[in-house]
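Down below are the structures I want you to see.
Note that chain A is present in both complexes that follow, paired respectively with chain B and with chain C.
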Partner chain A sequence: MNVAFLYTLVGVGLFCLGLYALIVQAHLLRKILAFNIMGSGIFLVLVALAKRSGNAIPDPVPHAMVITGIVVAVSATALALTLILKLTTETGKAELPDEGGE
Partner chain B sequence: MRVESSTLMAAIFLDVPWAVVLILLPLAGALVCFISPAVAKSVVLLTVFANTVSVAGLAWQVMENGVYRHAVGGWGAPLGIDLYADGLSLLMLLMTALVGLAVSVYSTAYFDQPQAARFWPLWLLLLTALNALFLAADIFNIYVTLELMGLSAVALSALSGGKDALGGAMRYLLATLLGSLLFLFGVALLYHGFGSVDIIILGQRIVASPIVWAALALITAGLTLKTALFPLHFWLPPAHASAPAPVSAVLSALVVKASFYILLRLWLEFFAPLGVEDIGTLLGLLGAAAVLWGSVQALRQSRLKLLVAYSTVAQIGYLFLAFPLAVGSNVTAWNAVACLALSHALAKAAMFLVAGNLLRFGGHDRIADLDRVVQRLPLTVAAFALAGMSIMGLPPSGGFVGKWLLLEAALIQGRWDLAAVMMIGGLMAAGYVFKVLGFAFTQANIPQKSKAVPATMEWAALLLAVAAVLLGFLAVPLLALVGMGMPFGSSEVGP
Partner chain C sequence: MEALSLLQWSFDGLLGLSLLWLAWQALVCTDLFKAVVLFIAFGLLMALTWVRLAAPDIALAEAAIGAGLTGALLLSALARSRVIQANGESLLNVPLAARKLQFRWLVAIILLIVAAGLGYAVLGLPPEAAGLSTEVAANLTLSGVGNPVTAVLLNFRAYDTLLEMAVLLLALLAVWSLGGLPQREAVTDPVLDSLVRLLIPVLILVSAYLLWVGADAPGGAFQAGSVLSAAGVLLLLAGWRLPLRLAQRPLRFALVAGTGTFIAIAVLTLISTGRLLEYPPAQAGTLILILEAVATISIGVTLAALFQGASPVHKEKQ
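Up next, the complex of A and B:
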């Protein structure tokens, strides 16, 4: 088992951990953190798999993807935090309101 | 002399890189709207009109020169970002342009000032994202445009404020972010396995292997969540029903179609050649369940916007019925999807605009208290009836052609079960459309005040509904347009 494979496994682990927390946690801030952890897991997988076999120079394309992904994650988090703030002032708690009807 | 100048015009028209215009124009429009809200209304109208012209220009280019490919900045496929357009992309761009035009005109009368200032830039950003998504040639670019689309759509659905809208938007944000992350994981795996993100190159390199199955599972899960395929539709009704009417129209007509488009595109290019009938069958089953469940829920609703939102869940199911039916070189099912997607976009946008009119008129959207709107808002009710025709699949509407083709594909394959689902779904659609129309004639028990509805809002809804019906007559040229570049495979068995 080489280092890149270990990092990939850790990335997959982070992704699954985030997914679990996303489903289980009710607090919206925790859900957003869970998203960030899931994202970091994917970024770790991308960076780890960019390392080619042996001592060759790593593939730069996944690194570029990770940078783009971080930008997207930051803006998504910003939007989510704003929504949480609005929702908290409106309902008094940072959780999803119960679905009416259905 | 006149001939010369017209050929010169044609040459200039053909030389313009329309695909680039389609992305830059709404983006620039959005920035202008954001900086100076005073001119926003005219800027938006100008932008959506120019956007429609650009789609026509791009369609002409594709007709003249075949499949369109533009290397942004001159870099080219492996490193740079490419724009790509074939018949399928053109169909989606056309759909976006038509719905966008009607919704923009409608919105000029719908929003009052403080909301309008927030709506216009977000709407043009969403238009940018949609156009960019339909022109994307690589799967990472698709991820980025998917996120752009999701974020602007969430912001739009939160626009009206209040507990319902914010809760709906939050739920929508969680669903769309999860969908995007699953998709991104799939992209990462595909890039690792095959060393490219370009759709065409990947399509040539992909071979059956564990990494492809993992990617297929992640991408399909992410995109079906974003498309609100049953049972992953939980986020759609609250988000679509609590947003302002023009936003609901855009979300239901265009945004869910965008993620469906990606799934369809990747399915055709990557996964279908590998022989994944089981997954196709599964998607078809979920589609059938969506048709039944969405229709039943729509019948049970007492509020018009929720009814229309659940109808979207059902109609999306029809799109997925094509996956098990499109085996081998049979393109009938995919042609059906093209017709259904466009006619549903037009009809459903019209229905949500109608719901907005009724909400404005009576101050509520309780179906039982519609109170003789047929006499008082005849154009609006006519729009609902015509849109309903297309949703039910009555001839000669676009929905009829789509459902007919889908039924034909099902009968050719001997899939009586799916054919039965289509019939039952059509009957139930008739049920919920007539439920609304019935109450449009009756008098409500409680007295209610009514507000005037601007003529612009009535006509925008009516024209969309008329377009959905007229589509039935234009199905042949439409399918010829979609067939350009043969996105559904080379052997034409079609209608």
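Up next, the complex of A and C:
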């Protein structure tokens, strides 16, 4: 067990916390937070596993992938927030209707 | 030596626990504003974690984008939802009745099993693995830059970055095509005004520095672009709007310049070397600098435009 595996486990924990909130919470803004935290967990797993090189420089390929991922995540978040605001303006609610549309 | 390693272990342990605790609090606390603030704090701790994992390039990007810009977007969405409802009560902040999930505990148990499975899987991985770092190090001299992360982003896997620029553009097009959003009323705050006057030149300078230094040290187009977008967000918050004569073609040109230059260079390399985005080693450094400079401007303008929401032209028509 070294530092890389400690942070890998934290990443797994963050992913599962985010997934739990994504399923359980109805509020859409909360779902966006959950999704971002899931993403952070995945990034943490990728980068922590790249640190297994010991004292040498870590693997730069996952680093580059995570930087790309952070920028994609923020643009997806911006789009999702705009959709939520539109939905809230239309329906007055910040949640999706239950299936079956009562 | 032993004491130092104990100190490091306790630091790493505390950092990991704080990350999990902040994430949990951000996901369950009843006040949405508090949740967003906790999420921003979570982003800052993530930046610290990247430094601990010897990933300063990601730390810079996370501090500027993950904590900074995402936080600004979330806070601005909360503020806008107040404008949507006339009486000032934020619709987004109305606490919803917790969804009637009788099977909430079942979800928790299944996810505990998933967590245990994932944990078991990652702990089974070999404790030492070089990954692709030896290949990257072997080819670094041919890449035209000295920073391995920049070499991967702009040379070895430039294709990813090309597609990512397209994703950014696509996200902005989607936001614009959704039409206008309620705008925040412009605040006239003398403190904010003078702060903006002081900070904008500094931010532009920092952005240019990050772009230049990214060739050999942590930094690069994404970090520089996000610092530039922070300048744009500050200007927008202070009530500055793009003059109409700049809002049409010049703005669109700035938005597509990054993707356009990328595609142009991809086509040129395809014709001259026969492979997509494979630069001749002698010109690689120059090509990467050109790409990064244009990409920085496009990323900065696109992210600031995402913060603004509606297309400036659309707003004028209303």
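Structural remarks
Convention: the second predicted complex is superposed on the first by the 97 of 102 C-alpha atoms of A that agree within 3 Å, B and C clash if a C-alpha of one lies under 4 Å from a C-alpha of the other, contacts with A are read in each partner's own complex, and residues count from 1 in each chain.
In the analysis below, a contact is a pair of C-beta atoms (placed from the backbone, for glycine too) under 8 Å apart; a residue touches a chain by one contact, two chains touch by 3 or more.
In this text, all values refer to a predicted model and were calculated from it rather than measured experimentally.
In the superposition on chain A, A:90 makes contact with chain B only, not with chain C. Applying the stated contact rule after C-alpha superposition, one finds that A:62 touches each of chain B and chain C. Look at A:75: by the touch rule set out above, it reaches both chain B and chain C.
With both complexes placed on chain A, chain A has more residues touched by C than by the other of chain B and chain C.
By the touch criterion stated above, A:45 is placed in contact with chain B and with chain C alike. By the touch criterion stated above, A:29 is placed in contact with chain C alone, chain B being left untouched. Chain A uses residues 15, 19, 45, 49, 61-62, 65, 68, 72, 75-76, 79, 83-84, 86 to touch chain B in one structure and chain C in the other. The part of chain A that touches chain C in the complex is made up of residues 2-10, 12-21, 23-27, 29-30, 32-34, 36-37, 40, 43-45, 47-54, 56-68, 70-79, 81-86, 88-89, 92-95. Looking at the complex, you find that chain A touches chain B at residues 15, 19, 22, 28, 31, 35, 38-39, 42, 45-46, 49, 61-62, 65, 68-69, 72, 75-76, 79-80, 83-84, 86-87, 90-91, 96-97, 99-102. Interface of chain C with chain A (complex): residues 8, 12-13, 16, 19-20, 23-24, 26-28, 32, 35-36, 39, 42, 46, 49-50, 52-55, 57-58, 61-62, 65-66, 69-70, 73-74, 77-78, 80-81, 84, 91-92, 94, 96, 98-99, 101, 104, 107-108, 111-112, 114-115, 118-119, 122-123, 125-133, 136-137, 148-149, 151-153, 156-157, 160-161, 164, 167-168, 171-172, 174-175, 178-179, 181-182, 220, 222, 226, 299, 302-303, 306-307, 309.
Contact residues of chain B toward chain A in the complex are 79, 140, 144, 147, 151, 154-155, 158, 161-164, 166-167, 169-171, 173-174, 177-178, 180-181, 184-185, 187-188, 191-192, 197, 237-238, 297, 301, 306.
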